[in-house]
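Two complexes are shown next, each including chain A; its partner changes from chain B in the first to chain C in the second.
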Partner chain A sequence: MKQSNRNRLSKQVANASHIKYSGWFGAWLTGSLWIYLGLILLLVIADVWYVLASMGNTEGLREMLDWGNLWQSVKLTFLSSTVSAILSVLIAVPIGYLLSRYRFFGKSVIDAVLDIPVVLPPLVIGLSLLILFNNFPPRILDWGVGSLDDIMSGWGMRVTHTKLAIVIAQFTVACAFAIRMMKVSFDQIDPRSEKVAMTMGASRGRAFFDVVLPQSYHGMVAAGMLAWARSLGEFGPILVFAGATRGKTEVLSTSVYLEINTGNLKGAVLISLIMIALAVMTILIVRILTKKGAGYDMH
Partner chain B sequence: MKRVGVILLGLLILIGCLTALVKDRIADSLNCPGLIVHCAAGLQKPVEEIAREFEKETGISVHLNLGGSGQLYSQLSLVGGDVYIPADMSYLEKAQDEGLIDEAVRFSTLLAELIVAEGNPKKIISLEDLARDNVRVVIAERSAAVGLFTHEVIEKSGLLGDIEDGDLTKMGTVNEVALQVQLGAADVGIVWNALEFQFENCEFISVPAFQKQAKYAGVGNLKSGKWPEETSAFISYLIDLDKGGKVFKKYGFDGMDTITR
Partner chain C sequence: MICIDNISVRSGEFQLQGISFEIEAGECLALMGKSGSGKTTLMEAICGLRELVSGGISIAGDDVSDVAPQDRMVGLVPQDNVLFQNMTVREHIAYGPVLRKWKKTDIFDRVAELAAELSIGHLLDRYPVGLSGGEAKRVAIGRAIAAKPKLLCLDESFTGLDGETLDEVMTAVRQTIRREDISTLLITHQKYEAEALGDAIYEL
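Moving on to the complex of A and B:
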C-alpha cells in the first residue's frame, strides 16, 4: 500500500524525542534556537521597556495615541490582509500544482519570473504598480483610452490611492510566497495517489479535488498564513501606491510610519507592540483551529 | 567528505563577506571621521552634490540620511548624528529648545508652488481649484516641512474641509508628492519650487497664498556629534556662497546671498 504523506508526518511527530542537553549535537541545536529566539525576545522586551519607561501612568497611555484612529487602522489592516491572503491561496493552489506536476516549455523561466516579487525591493514594486496603473498604456502612444486607472475609474473602481490599492500591493508580494509554499506542499504529496484514482476512472480534475487537495489542506493553511503575515507587515508598496492618508489608506505599518514622522516614538513603539500581539494571537488561533502542525515548515 | 566541503565553503563565504563589511566600518570610524547628515528630502539633490564635493576636497566622508524633516527629527533624537538640515527653521528651533543642537543657521528660502502635469490638463491656477470635485490632490503629511506649511496655508484659506472631503492623498516627503503628479497618479500637488529642476514633464504654478510667506531651510550641528571640527567645516562649506551656495543656485534655490550675509 502507498504510504500517504500524512502517515509519514505523524510518524515523524511520534519519533520526536525530548531534547537532551548534553553533547555537542544537543548544544548546537538548542544554542542556535536560543541565539535567534533571544534576538526576537530582546527586540520585544526593548520595545516594552521603552514604552513603560516613558509612560508613567495609564493616563499617559491614553494620550499616547489617537485610539479611534488606530482602531480604523487595525480594521483596515485585518480586512485587507485577509482578503489578500485568501486571494493569494486561490491563485497559488493551481499555480503550485502546475509547477509541481507538469513539465512544459519555458518552465524554468516562468519559475524565475514568479519569484520577482520576492526578490524586488518593496519600493520598486510600489513604483511599478503606480506606473502600471497611471502610465500604461504609455501616454505618448495616445490611444485615447487613458491609463489603466482611467479605465478602472470609468467602471467606478479607481485603484491608485484607494483601499483597493492596498490589497493589490499586498497581493502582489504575498501571492509569490503562497505559490512557493503550495508547490512544496504538492511536491511532498506522492503523485501515485492521483494515478491510482485515475486508474479507477477519475478524471485528472476529479483526482485533484478528491485526492490531492484534501492532503494539501495543511499546506493551504500554511500558505495562507504566510501570505497573511506578509500582507500585515507590508509597507513600502502601500506607501507609494496607496499613500499614507490618515483614516483613509492607513494600515498599521503606515500608522507606525506616521507616528515616527511626527516624532511620537512612544506611540510608534506602542503600535508595533499591538501589531506583534495581534499577529501572534492570530497565528496561534489559526494553528489551534487547524489542529496540529500547521506551521510554515509543516512537511 | 563532499558535505563537509559544502559547509566549509559556506562558512568561508560568510567570513569573507563579514570581514569585507566590518573592515569598511572600522576604517570609517578609525582613520577618517564620517559625518552623519540628516537632510530633508526636498534638499536631497544639492546637498548630495555638495557632500560629494566636500568629501573630495577634505577627505572627510559624509553619510546622508534622507527623509521628511519630522522623520529625521525622530531619528536624530534616538540615534544622534552630526548635522541636521530640515526644510524649515521651526524644526531647528525645536531641536535647540530640547538641547539637541548647538547652533542653527538659515541658509536658503523655500517657496511652495503647485505642481501639475505638463500642459496643465485640469486647468488648475489657484488654491480654490484644489477643492474641485474632479481634481485629485496630493500633499505631504504634516511631518514633512512642506506638509506642515501646506496644512497651515490651506487651513487659513478655509479650504481644508473641502479639500479633505474630496480626492486627497497624503505622502511622506515632498519628492513622493511630486512623483505622484509626474506619474499621473494625481492632478495637482504642493511642493517646493526648487523641485522644478528635478522633475520633468511637470509645470509649476505659483500661488499668492504661498508667496506671502516663504520658509527657510536651515542647518544645525548636533551636540551628540563625535566630530565637532569636521562638522563645522562641513556647515561652513555648505553655506559658503562660492561652494555650497553655487550648487544650491544651480538647483534653483534662491535668496541664499541675502540670507547668509
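Moving on to the complex of A and C:
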C-alpha cells in the first residue's frame, strides 16, 4: 500500500472511531470481541491463579522447579529461536520477492507447497523430518551412503536428537510464516520503484537492495519476530525429531511437557506463564517496530 | 535525437503495432491517447522495461533495442512520482549520478544546481513523507534528469496537480529541459498539457 493511501486509511479509521455502536450490529461486533478476548484473558488468569494458590498452600516458587535446568532451557530456547528466525528471514526475503514480483510456470503450485508447513499437523512435520534424516535415501536403492543423518555425521554434524534438530524443526515451520509476511510486505511496495531505479542506472539486484529492501525493513522485522515467536512455541516437531531429553534437547515447550510427565503441574504452569510473558513481549516489540514506516503493518 | 522505428509491443492480449516517431534533442513530443490505448506500455518499451516484438529504438544514434534499461540513459517520471521512502530528497537527486559513478564533487555540484533550478533547496534533507504534490513532482523530475539522460519520459506526470501548481511545475520542467537540452516524451491525455509543453503532438 502506498504511503499516501495508508495515511488516508489511517485517517478514515480514526474518523470511524467516532461512530457509535448500537443495535444488533454493535452487539455483534463488541460481543464477538469480548467472547474471544475473554477466553484468552481467562486462560492467563487461570494460570496465574493456579500458581499463586499453589504458592500459598504448599511451596514457594523456589521449590516448584529446578531453576538451573530451566535456565538452560531458556538459553537454548532463545538461541535456537533466534537462529531459526534469522535463517527464516534470509530464505523468506528472496522467496517473498520472487512470489511478489515474478510470474512463472507452476507458480500457484509452488505457492501451495510453501503453505504445507502452515497447514500440516506439527507432529507430521516432525515425523517427516525424522524419516527424511533417518530413512532417506531409501535402503532399497543401496547407494552405499547410508541415511542423510549418516552423511551429515560423516561431516561431524549429527542431526537427529541434537540441538541442530531443534533449529531445523523450528525453521521448517517458522520459515513458511516468514515467507507469507515478506510477500505481503513486497506486495505493498510499488513495483515501479524498481523500474525507476533501473532507468537511473541500477541493475535489477541493485534496485532491490537500494530501494526495495530498505522500504521493506519493517516487514522484515515483523517476519523475523513472527518466525521467532513461532519457533518459541514449537513443540510437536521438536518432540519427534529432536526428542525431549532433560538438559540436552530441552526447550521451554518441551520443559512444559516434561514437567507434566513427571506430575509437576505447578512447574508446568509456571513455565507456561514465562512463555506467555515472552510471547506478549514479542508481540509488543513487533507492534512498536511496525507502527510507523513502510512495509508490512500489523494494524 | 531519439528515433522510434516501426516498433511493436505486447502487453498480455494487447498489442501496439507500427509505432514510429522521432524527437530532436531538446524537443518535447507529446504522446496523446485515451486510457487503455497503450501509452504506458509504449513508454516502458522505450525505457527498456518491456521487450519489443519488432522494430527498433535508437537514442543519440545508438541502437538500444536490446540494451538493458540501466544502460539506455533515460529518465522516467511516473504518474504519481513513486519516490523512494527510504531516501531524502538529496539522496533522490544524487542517486542517478552515484549509480553512474560520477565524482563526489560533481555529484555535490549537480545536486546544488538542480535544487536551485527546481526550487527544492529547502527540501534537500527531508524524506518524501509530507511533501506536497508539487514538491514531490519537482523531486521526481530532478531525480530523473540528475544523471543527464538523453531522453526524459514523463508518464502522465502532471496528473493530480491543481491549476497554479501545474503551471509552476510545467514552467520549471520546460525551462529545465531546454537548458539541459534533453529530448522529452510527454504522455498525457490532457490537451492543455500537450499544447503547453509539447513541440509536436503524436496521437495513439
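As a convention for this text, the second predicted complex is superposed on the first by the 243 of 299 C-alpha atoms of A that agree within 3 Å, B and C clash if a C-alpha of one lies under 4 Å from a C-alpha of the other, contacts with A are read in each partner's own complex, and residues count from 1 in each chain.
Convention: a contact is a pair of C-beta atoms (placed from the backbone, for glycine too) under 8 Å apart; a residue touches a chain by one contact, two chains touch by 3 or more.
Note that the structure is predicted; figures quoted are calculated from it, not measured.
In the overlay built on the shared chain, the residue A:Lys107 is in contact with neither chain B nor chain C.
Residue contacts after overlaying the shared chain place A:Ser147 against chain B, while chain C stays out of touching range. In the superposition on chain A, A:Val211 makes contact with chain C only, while chain B stays out of contact range.
In the overlay built on the shared chain, the residue A:Lys75 is in contact with neither chain B nor chain C. Once the two complexes are overlaid on the shared chain, A:Ala202 sits against chain C while remaining clear of chain B. Looking at the shared chain after the overlay, A:Leu265 reaches chain B, while chain C stays out of its contact range. In the superposed model, A:Ser193 lies in contact with chain C only, and not with chain B.
The part of chain B that touches chain A in the complex is made up of residues 67-68, 70-71, 73-74, 77-78, 136, 138, 141-144, 167-172, 176, 179-180, 183-186. Per the touch definition, chain A reaches chain B in the complex via residues 130-131, 133-135, 139, 147, 149, 160-161, 239-240, 243-246, 248-249, 257-258, 260-263, 265.
Considering their complex, residues 2-4, 190, 192-193, 195-203, 206, 210-211, 214-215, 217, 293-294 of chain A touch chain C.
Taken together, the chain C residues at the contact with chain A in this complex read 44, 47-49, 68-72, 74-76, 78, 80, 82, 84-86, 95-96, 99-100, 128-129, 143-144, 147, 149, 153.
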